[in-house]
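Structure in structure tokens, see below.
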Amino acid sequence: MAGSILGKHFTIQTFGESHGEGIGVVVDGCPAGLSLSASDIQTYLNRRKPGQSKFATPRKEADEVEILSGVFEGKTTGTPIALLVRNTSQRSGDYSEIASYYRPGHADYTFDEKYGFRDYRGGGRSSGRETIGRVAAGAIALKLLKELGIEICAYTRSIGPVTIDYAKFDKETILSTPTSMPDADASAKAEAYLEECMKSLDSSGGVIECVAKGVPAGVGEPVFDKLDANLGKAIMSIGSVKAFEIGDGIAVATMKGSENNDSFVMKDGAVAKATNHSGGILGGMSDGEDIVLRAYIKPTPSIFKEQNTVNKDGENISVQIKGRHDPVIVPRAVVVVEAMTALTILDLMMENATAKLDNLKKIYE
Amino acid sequence: MAGSILGKHFTIQTFGESHGEGIGVVVDGCPAGLSLSASDIQTYLNRRKPGQSKFATPRKEADEVEILSGVFEGKTTGTPIALLVRNTSQRSGDYSEIASYYRPGHADYTFDEKYGFRDYRGGGRSSGRETIGRVAAGAIALKLLKELGIEICAYTRSIGPVTIDYAKFDKETILSTPTSMPDADASAKAEAYLEECMKSLDSSGGVIECVAKGVPAGVGEPVFDKLDANLGKAIMSIGSVKAFEIGDGIAVATMKGSENNDSFVMKDGAVAKATNHSGGILGGMSDGEDIVLRAYIKPTPSIFKEQNTVNKDGENISVQIKGRHDPVIVPRAVVVVEAMTALTILDLMMENATAKLDNLKKIYE
Amino acid sequence: MAGSILGKHFTIQTFGESHGEGIGVVVDGCPAGLSLSASDIQTYLNRRKPGQSKFATPRKEADEVEILSGVFEGKTTGTPIALLVRNTSQRSGDYSEIASYYRPGHADYTFDEKYGFRDYRGGGRSSGRETIGRVAAGAIALKLLKELGIEICAYTRSIGPVTIDYAKFDKETILSTPTSMPDADASAKAEAYLEECMKSLDSSGGVIECVAKGVPAGVGEPVFDKLDANLGKAIMSIGSVKAFEIGDGIAVATMKGSENNDSFVMKDGAVAKATNHSGGILGGMSDGEDIVLRAYIKPTPSIFKEQNTVNKDGENISVQIKGRHDPVIVPRAVVVVEAMTALTILDLMMENATAKLDNLKKIYE
Amino acid sequence: MAGSILGKHFTIQTFGESHGEGIGVVVDGCPAGLSLSASDIQTYLNRRKPGQSKFATPRKEADEVEILSGVFEGKTTGTPIALLVRNTSQRSGDYSEIASYYRPGHADYTFDEKYGFRDYRGGGRSSGRETIGRVAAGAIALKLLKELGIEICAYTRSIGPVTIDYAKFDKETILSTPTSMPDADASAKAEAYLEECMKSLDSSGGVIECVAKGVPAGVGEPVFDKLDANLGKAIMSIGSVKAFEIGDGIAVATMKGSENNDSFVMKDGAVAKATNHSGGILGGMSDGEDIVLRAYIKPTPSIFKEQNTVNKDGENISVQIKGRHDPVIVPRAVVVVEAMTALTILDLMMENATAKLDNLKKIYE
């Protein structure tokens, strides 16, 4: 279990490299009885597929998923669900040069230091293609959560200096803009900014926001498997994420207690909160309000500008990276954030199922 | 394993409540042969002990640690190390009132929803006292890391609007200021700010920064147990932390690739980096430079100002919380961040020990 | 997690050495709402306490348990339950000699090889006293299982050549005979045999049987966490157990399929089995019938007869072990087998709680 | 992690059903730098392939393995190794009948009880074909262990009443007899016995023995992840195994301490043992001598004789199972026992690598 397995109940294990035979994931612990077909998963994979806008690598990949196991007569059986996406557009030739040096901002050097060598083709295991497995597994988690009344939605909050206007928020727009922004005007500005970046052979960072609605109160396990802690891990494990926040996040550091505390208030006969500075999490457990998180994503490290680095012979050199790259990672990473959020919440909901003796009695009596 | 166990190799399990018999931790997987005495641990516990400044709760606790197992003739034996701190200043009487309502910003409501009821005395399991176990275990990890040439240092970066000036950074000052700031001037300003907060019956948030020096490159396990992902989880699992960042953190979202990438460069015959925007982590593995992280901490939710909330009978009420509270959590949480950082790095260094066949041969041949 | 943690849901971690401060266990994941007092646990500890018959070591230990955490107003809170038993009869002086050589049949040599040295006082961590933690945690599991309609009962099946007669089986007798046999006549014979062993400065092995009634069908997780696989691990982890079997066990190797298969048959409108060769487990899951297992236990390695061995200077020597020893481990290990069986079944029942989507809906809708 | 993941360091996750798309395994945590090709794995898969003798099902399967990831330029990279074997001889038609009733001795009933329904085609997940994943992963473990000087060899010890004669033990013979016995004469007798079983439409049980040579002393983690405990789990998790023993195993129950204890003795300047009743394990750790274990395997439950059972409508019926079945499981399970033994020993050797601070210093200094 050297790091490619996540989750305790709805456990996923991803495998595969950018230019190997394929990319995949095995889900262990999916409850039996969920309707599931390849198209349920394909819908999500299509959202991260390359070649869909001018801001995404033109690499041509169908990214077609095959269900190898765990589904019988259209339903999950409770046994491991293995999903495989074959790589079809491996152009190893493109990458022979980068075998000899360390690309700035990439994992080339750290892989060599850790393992003694690396599969340098297209970034190997550290390629963004690894997230195919996460998204495929996340699609199952999202479908299962829906059965329990939970909806999760991620979108681009900002790209470079351009941030969305919540007054213009339109959920449908997320899927239609090349930026995955829910605000068409902001998206247009961001697109212009990205074209500038491309012209200057550079790249841009950005912020993804994700909201989970309908999670019942009490999900999350004190003191280490807190909902925010596990979300933090899941989101920080996505390549290029450099910061993570819940609710008011970094802003709390300059707030006073009287500003930051959410008052409890009765609403329709139930306990609710007057505000949601906490982002739906108190003491590491869901508090019944919307769970709100944000991932801060660094600019694509692969830029066409000339850069300084060293080669494997220990010489200082200057390089210009070739190949196919996205000028911004954010739009395609939106569905990855959505997937990781779903996987984390579902895993902790399964854990929470045995928190009370009464729950066990519901199952066994 | 409902959330009170952390780590795969150097595994810690904390237990205990604010007003129960005591607080403790069991460490499983500590390598044999490390010199260890109670005073090695006490030093760190003393840094988080209450009653040491006017900004900390006046609760009187010796917080004296007892080593129950795992050490023989002054050395760790490789078997579980159990550490116990008895609670001595339980004043249950103070807390009887809060049993009846939900304190804003606290875990009272979520505990009730999860488990059906809660140990309401002093916050029970969600009390800051739980971190005694973390700090005690962290003290062992810190000592072991030192043997491997690694030094970890955390300090207060800001309180409310007051941020340290790195030009005035003095490591010794961290232990002498009541703010745990390494800059005496900033500390004085922060102290004045906190006194204002106290006068207005309010509390303040802040930021803790932590730097790890000497971690060799390659520590961290792609793709889920990345060094930054596990640090994210460890830090976010500390109560009141609402955001986490590595290196340039949230700033990367508005940076361009050419600004954010760190060039590699040869230095004294070895690969190094010209800058450290990455905060010492690339592709989820340490890159040989300083590891730099930050935790954003919310203002203490217990404030003396009147607040609105609901009681267990479902009535809207207004309350004024009594008792003993810190106007700011940050100074006492500094050593907790240091401990969690150490525990995470050591755990992943142990995992990394078997990353290469050559390493196994070093051990077994 | 170097081996002192067991279970995924109802997780136990034991700590402590024979002659250290104490022996204990932390239970993480116990569902909230179970009535629990120290006396619920003490009852079980008293069954394994030394000094209760002439066949048990005369070491005087009260083995009094203290609940340090996780229980509030008489009920489990869902947070970790830490239990501590202080050692009171450490006579380190007795053991100074054995520091210098390796006792045959003991873990002295293997501990030294693994860790470089060992806590040699009374066997240190490999002492039978470690099972105090298992029995204490098992007591909680047994109480919880009872709430779900499950009863577990272990007893001595044989000591040396003496085996019980099932026709004379009387459950009450288990607690009244010094052999923990449910057959008073067999017990008398076994007692005579043990006195012979003691006269010849020797010791005896034996067999413990355990039966679990009321476990619903479907508990156990294919393919690795099968009920029989996890029971096998739990029972084999008890010191001195050298073989484990389920149902007909070793006898199946010489049986034919037509003899070994249990026919299914309708009984009171429900599916049942005509026989129970399988010992209540099919395909790694409980099949609704009694679960029957057996543990084969080696003779106490500490005998008073002279034996050959080597010392730490690499010399062949001959030794006579002094001190306080049981001539047979079996009677006091009965409650340990019962505890480990309960812990395993409960853990897998908690895992099984989320096997079906319908179960999750029962909890969350 | 609902049961299809095994191991903490060299972690395997199997997936797939008898009549689904294929069977596979993902290995996470294999150290980087091991030479590995598909043929290294195929050699072992060929030993369990069906259709190789008259005592094995005539189902035609090439069982050809494809390496999907984790190997680059002929070496393991340290990243997950995914292995896939496509099913090619699914004859679902044969199995439609068994959907309606519960086969005695099979997991049909327990699967239905656990998950609400089952993939009934060829036993689905409970088919012996699942062991393809175990053998494929085991092949890698065996190759890696060889690099560390460890050899593991399993063979059939008995079939029905026929047991091998150790005086005639010939390792080469294991691979050439249809029984996997290392004694050609015993094999001839066992073959005759099996033909009788087949004539009477019945099946036979048997015993597999496995010996590991060269394991250094100290491998295994007290107190739960003992070497014998983890071997017990690994072996008991193989379908049809009903008993497990180490060394003298069940025989110890009737032995005296003076007979069962192995004396230590100096041999060529090193500590050794005069005998090996312990089967190479003391206190849950390897003691440097051969590790010897045995698995007792029940007769194939699928027999052609008429049997009584119930159908899904709750009626008592009598059935005759059709299809392709082995009259004995033992010969083809030999390589599975070898694989599970290797996986367990390697996993604990990796764990043991960090048992001492000195080991960490060897890696990091």
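For reference, chains read A, B, C and D in written order, and residue numbers begin at 1 within each chain.
The rule we apply is simple: a contact is a pair of C-beta atoms (placed from the backbone, for glycine too) under 8 Å apart; a residue touches a chain by one contact, two chains touch by 3 or more.
Keep in mind it's a predicted model, so treat the numbers as computed, not measured.
Can you list every chain in contact with both subunit A and subunit B?
Touches both subunit A and subunit B: C, D.
Report which of B-C and A-C is connected by more C-beta pairs in contact.
Of the two interfaces, B-C and A-C, more C-beta pairs touch across B-C.
CA centre of subunit B versus CA centre of subunit C: separation in Å?
The answer is 38 Å.
Centroid of subunit C to centroid of subunit D, CA atoms only: how many Å?
26
Where the centres are mean C-alpha positions, what is the separation of subunit A from subunit C, in Å?
Spacing between the chain centres: roughly 45 Å.
For subunit C, give me the residues that contact two or more of the other chains.
Counting only residues that touch two or more other chains, subunit C contributes 1-5, 8-9, 14, 29, 32-33, 78-79, 114-116, 125, 216, 222, 355-356, 358.
What part of subunit A is in contact with subunit D in the complex they form?
Residue list for subunit A touching subunit D: 1-5, 7-9, 11, 13-17, 20-24, 26, 28-29, 32-33, 66-70, 72, 75, 77-82, 84, 114-119, 124-125.
Any idea which subunit A residues touch subunit C in the complex?
8-9, 29, 31-34, 76, 78-79, 144, 147-149, 216, 222, 349-350, 353-365
In the complex formed with subunit D, which residues of subunit C make contact?
Answer in residue numbers: 1-6, 8, 14, 102, 104-107, 109-111, 113-116, 125-126, 130, 158, 160-161, 197, 200, 202-207, 216-226, 228-237, 239, 241-250, 252-266, 269, 271, 274, 278-279, 282-288, 296-303, 305, 307-310, 314-316, 351-352, 355-356, 358.
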